[in-house]
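Following are the structures in question.
Both complexes shown next keep chain A, but they swap its partner, so chain B is in the first and chain C is in the second.
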Partner chain A sequence: MEVKKSNPGNTKRFSGLRHFFSGIPASGWLLAAFAAVLLEFYVGDPLTEILGLPKIPALFGIVIILKKPHLIPGAFAYVGLIYLLPIIIVAKITAPATNWVSEKLDRMPLWFSAILHLVLLYFVLEIWTDISDYRLLMLKLTLIAIMITLSLNIINGYMGEFSCSHPGFIALGAYVASVFTVGLFVNDRLLGHALLPQALGQFLFPIGLILGGLVAAVGALIVAIPSFRTRGDYLAIISLAFMFIVKSLIENLEVVGGPRGLGGQPDWATLPTVFVWAVLCVWTINNFVESTMGKALNAVRDEESAADAMTVNTRKTKMIAFMFGAFWAGVGGGLFAHVLRYVNPGTFGIKKLAEVLAMVYFGGLNSVFGSIVGAVSFNLLSEALRPLEIFKWIIIPVLLILVMIYRPTGLIAFKHFNVKKILRPRPGSKERV
Partner chain B sequence: MTYFLQNVINALQWGSFYALIALGYSMVYSIMMLFNFAHGDIFMTGAYIGLGIATGLLAIVSSGVIALPGWLILVLTIIISMFITSLLGVLVERIGYRPLRNAPRASAAITGLMIGIILETGNLALLGAKRFSFPPLIMTKAYNISGVFVTNKKILVVLVSLTLMLALDLFVRKTKWGMAMRAMSYDFVVVPLMGVSIDVIAPMTFAIGSGLAAAGGVLYGVAYPVLDPYMGILIGWKAFVAAILGGRGSIMGAALAGFLLGFIEIFVTMIFPSTLRDLIAFSIVLVILTFRPHGFFGKPYSAKLRL
Partner chain C sequence: MKKGFIVVLALLVMCGLSFSAPVTSEAKTLTIGLNVPMTGDIPKVGESSKHAAQMWLEDIKAAGGLKVGGKTYKVALDIEDNESKADSAVSVATKMITQDDVLAIVGPQSSKQAVPAGEVCNNYKTPMISPWSTNPATTDNRPYVFRGCFLDSFQGPVMAKFVTGEYGFKKAAVLYDVASDYPKGLAEFFKKAWEKMHGAGSVVAFESFTTKDTDFSSQLSKIIKSGAQFLFLPQYYNEVPLIVQQAHALGWKNPIVGSDSWGSPETVKLCGKDCYGSFFCTHYAAAGAKGATKAFIDRYTKKYKEVPDDVAALTWDSLHIIQKGIESCAKLTGKVKKDREALRNAIAKIKDFKGITGNMTFTENGDPIKCAVIVKISDKGEYKFYKSVCP
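Moving on to the complex of A and B:
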């Protein structure tokens, strides 16, 4: 696998646009987004009435554009007036101030600055999702998709194996966490009376998630140990068999509802919870892949025997990578079960596998940023194209095939996710002008 | 004993489908070193094309233009469906795999998966969510051989698939094209220098594999006459498992492992509840692969071949 050099013509072509936006730091964009969602929160409803829209467009008007062509001008005007114009204006006007703040923050410890940015991001999302429950659900599922995509990227991207077992890990996490919460805190037909008061559950919920992750990590050993001897296609089969076994096992466990599924999970996967877990996931995985361990993963991918000769303990590396990826997949699964408040084994089949693989390879291998982009764009696309009904599943695969043909390793592959660089002040434009 | 024999017959029929599909996986693998994940859906498309041809032929016959017996219609259906599906296979190779010949293999796997989804959804969009039933071309006759019931359809399925496998074996071993394919699977760096173009051999392999899958699809329609757009997914993945179990790129191994998987599945349901079928079948596969990581007939392979 080699990294494709980016086309130098590209930078030249968009240099004017780039120059216009280059002077705005991350905090500026966040502040502008904050202003936009506040604007929507207060004047969204009157504006939709003026523009003749039935209600506030949930997904930047894409759904409306596809469904009701006569509302296209209204939807465009809404998106322009609420999002595009305010964001650009606010970001541009506050650029000196936000740059100054960013510069001050740049000198402080990274965690402090990162947390400040994340709090701002959280408020943006919170206000954005306040408009409709649909947005809230979609955002939660997208955050979980980010976690799952990242965890698969450890195995498929950083370690270069083709593992198909991820739906199995997600299922394990989802079911273990569900059994934990439903069994302990809810009066359930299948799992009996609540053993602990429900008020306590909110605090013990993370334990359930971690438990789910740990069980998934132990399950990963079944895939990891054969991977010492084989690679590539045989590992694909072993992991595929693992996925089928987990699914079939759950279908045959009447205690957790068998093929009917398990429902009634308490509503504890709120936006703050999911957000915090997603941030934790991105943070730990980014640190993991930037560590010596992450370099060892890349070494195993590129040439296993050479890595072995260079004192990389390949068995330990593979085992840790599998278990670490499976842990986060399990946590994601636990959150997934509590967001939907119902799981059934049919969810964790080949369709899920195709979806997760698509997100990883769409976004880009070997890249945290790529996984985030892949998960977000895939989810956004599949929600936005929903009005097309069945044709959605023709357009998305065609897009993916095109991405694979023109960028075989995904959109943003082999990029470092450098938080400090993202949050840095960008006073560049001031000097040049 | 009769119960056992009865299940052997069932397993032979069930295994034929796996074997026919697994052959396609294995042949493509031996040439291109990658698995065509759209293959299960090519099987589905073959069944649907067969359905269309059978319905068309029956309409022609009933309009009185030409009189054809049922078995002839079936043979024509199989042959025409195989031909059209081969063209589809060539198309899949051209669109999904040729541009990615030098890309990482996982990328090609993703395109294969996506082409599979396009085929399923395209079918759903064209024909709707309605399930179609395959027209009964031949009357079911049951023979009772000392307590074992054998239907003529089961005999037909097994015989046709065995004939096709033998034909494939002869083709690969005796003809010039087959020799080119074998050479290509032996070494695809040097052989193209000897005047054998991979741009000819690869589409041909896809065509043959797709044709076999189409034959499997039509036979499946004869044996289990309800078709739905998602029927190829599970059977395709299981045939993929069979192809691996037989040893990558080994044609005989794929056929044998297909039958073996059929036997495992049928006999598991004979002893255990049928809900445990996948669980036990895949556990057995896992155990076999742990002890024979290269399948039955596969050679230990070095990762340097391609990546």
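Moving on to the complex of A and C:
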């Protein structure tokens, strides 16, 4: 990033830099990242001492930038020595080897290659989060934010409607999953004794999450039946009403604690669990939007009557997309409840809605990449700017406005997420260098 | 190209190395975390806590630090904004414990954040004191979590007993916010206590509304028709004035009594004459205070140009409990995990701590046994001490 910034407008250098990196396949980057986190794991502590840092910078130093400005050079040096330099060197050196591997993998089925890459990615994240529990928590929350952003992107991006009911779906998923785990496996004041042994719970946890997702999808159906007779502003208003209905419903349900909330969820949302669910979410949603159904969805967005004339069943298409988005929001909500190990209805209000919408529109409409970028950058930004207190809520909206002015559809909008293309070998630059 | 890039990187690294001279091992600093809402729904609460904490830090600095086992330690505050959100409160608590190596955490203030943050603190074995949270779940089964205020299960009966003794009433009315955990819990505790004293059906009106409602006429008409002799109103400073004024406009002439949520100076500012003469139950009375409480109020008022509310006073006390805990540790090892454990044990052992909001001793659950104060709003709009009720 620094290098790019130091030569703005110098397109020759810029393309040179691009060329410099173009010969490295995804597996090469992952291997390099793996090397970097291993390096941090073994020499991170001594290096922080040499650099005069109190601790290993948890999120690439962004958290300490505003709190302790005198540590910035040290944090920069740390990031350079541990991440930037090793990643570039390892990626560049191993490029021929990783290209060879990627070429071999390219000829094998895609799922095999994808799983290998994901396993490597998982190990990178596992070692990276091993350093600090704060990192682990942030990673889990970010993965969940990706799921929720992506699921809203189906509705607001691919379908082109403005739905405000997402916090309601998240709340439904969170509460259903919590009632499932707390009610069955935990001795709780509200929900009584455990009905099943706790050892079984870890394996049945996915059922609770899916149940949460399904209830959210049913909720979506309830909104969809009356509201999809309308479009635009009216859908926004009806879906907003749905969000408030869910919130009041939970507030008045004494069984799940009412406004006091429901706590004591078992600690089952571990990194592997959240990671697997996030991958499943990205994979199914990507398949969905690339399918015929997804294309039909885009057609409905662009011109509903034309799509109808071209034999697209617009009503069915919209319903399915809406329910599918709600399902993943519900699953995300279930994981969210188990990461925090407490839920209360107050969490799922207007503030949550603003946050989710900001992530979608910041990252980019109609794009899986965009949702990932939006969720990650919003979460990092939100952590980095925390010390500014009230000014944080001026800076983030201003950034959002700027994005809306210069890139009205978000940072990375309308981009295909083609797994085969991402994982392909890139030997092209070898001859050119 | 390659060269240019590497040169830039090398420069960056060199830069970093030269700027960050290795820190010499200066006197170890003890960090206390303050996990409070500086933005969000209740920024005033965060501001009061921050002010009280900064005053406390001034005192420590003036004394040159904290003395433990013959050694003097510097103290630093780590104030973080939890945005009044449950997930942010958890991230902040995790960050303070794992990144900033805090010895103890004060806050979060409201229960919706204190409950999940308490779970985090208890898991990491870090002492946490929530000055203001009244939800029993905050400290329940969590040896490392304490609180600085009395519980609603104590406050409800106190008010029921007080009204019975003061006025001799038999029929009560309650109006509360069903969507907010504090008013709802307190309303229920009050109802239970009142019916226990006066028999079932003695709460003749038990009416509710939802957060952000501004028109209460239908509920108030019902209450007036029910023949209740007084109204119990466990609401916050932004709702109390509206309700009281509307009740008077509808012809309600009986007393209205409140809870500790009335304690903010804003209540009287917004309510005016309508609230004069009302009683409420709180942690301390600003007007007519004596001794250390008066000294605190005067200093705070002079410094921040406003009378400290109950949050400020409770935060002040919570910090002093931590201070006393640290001072009564025989020695600090410098290993933060061990020190946290020692501090937790020291806090649990504190007997009759003399705070500005009353004397405190912690139960096994981490809840304090302390007295409640009944305050009367005088004809000048001051909160005058009326009576103290002890458990």
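Convention: the second predicted complex is superposed on the first by the 419 of 433 C-alpha atoms of A that agree within 3 Å, B and C clash if a C-alpha of one lies under 4 Å from a C-alpha of the other, contacts with A are read in each partner's own complex, and residues count from 1 in each chain.
Here is the rule we go by: a contact is a pair of C-beta atoms (placed from the backbone, for glycine too) under 8 Å apart; a residue touches a chain by one contact, two chains touch by 3 or more.
Because the structure is predicted, anything quoted here is derived from the model rather than measured.
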>> Just checking: does A:Asn344 make contact with chain B only, chain C only, both, or neither of them? Give me first, second, both or neither.
In response: second
> In the superposed arrangement, does A:Leu84 touch chain B (first), chain C (second), both or neither?
Replying inline: second
> So, does A:Ala97 touch the first partner chain B, the second partner chain C, both, or neither?
Replying inline: neither
> Given the touch rule stated above, what does A:Trp393 touch, chain B (first), chain C (second), both, or neither?
Replying inline: both
> More chain A residues touched by chain B or by chain C?
Replying inline: C
>> For A:Leu195 in the superposed arrangement: first (chain B), second (chain C), both or neither?
In response: neither
>> If we overlay the two complexes on their shared chain A, which of chain B and chain C does A:Tyr361 touch? Say first, second, both or neither.
In response: first
>> One more residue to check, A:Ile405. First (chain B), second (chain C), both or neither?
In response: first
>> Looking at A:Glu251 after the superposition, I want to know if it touches chain B, chain C, both of them or none. Which is it: first, second, both, neither?
In response: both
>> Does any part of chain A touch chain B in one structure and chain C in the other, and if so which residues?
In response: 247-248, 251-252, 390, 393
> Taking the complex as given, what residues does chain B use to touch chain A?
Replying inline: 29, 35, 95-96, 99-100, 103-111, 113-115, 117-118, 120-122, 124-125, 233-234, 237, 240-241, 244-245, 248, 275-279, 282-283, 285-286, 289-290, 293-294, 303, 307
> Where on chain A is chain B touching in the complex?
Replying inline: 1, 156, 162, 222, 226, 229-234, 237-238, 240-242, 244-245, 247-249, 251-252, 304, 350, 354, 357-358, 361, 365, 390-391, 393-394, 397-398, 400-401, 404-405, 408-409
>> Applying the document's contact rule, which stretches of chain C touch chain A when the two form their complex?
In response: 1-2, 4-5, 8-9, 12-13, 15-23, 38-40, 43, 80-81, 85-88, 90-92, 94-95, 97-99, 101, 111-112, 115-116, 119, 124, 135, 137, 178-181, 184-185, 210
>> Residue numbers of chain A touching chain C in their complex, please.
In response: 2-3, 6, 13, 16-17, 19-20, 49-55, 58, 63, 71, 73-78, 80-81, 84-85, 132-134, 137-138, 141, 247-248, 251-252, 258-261, 263, 336, 340-347, 351, 383, 386-387, 389-390, 392-393
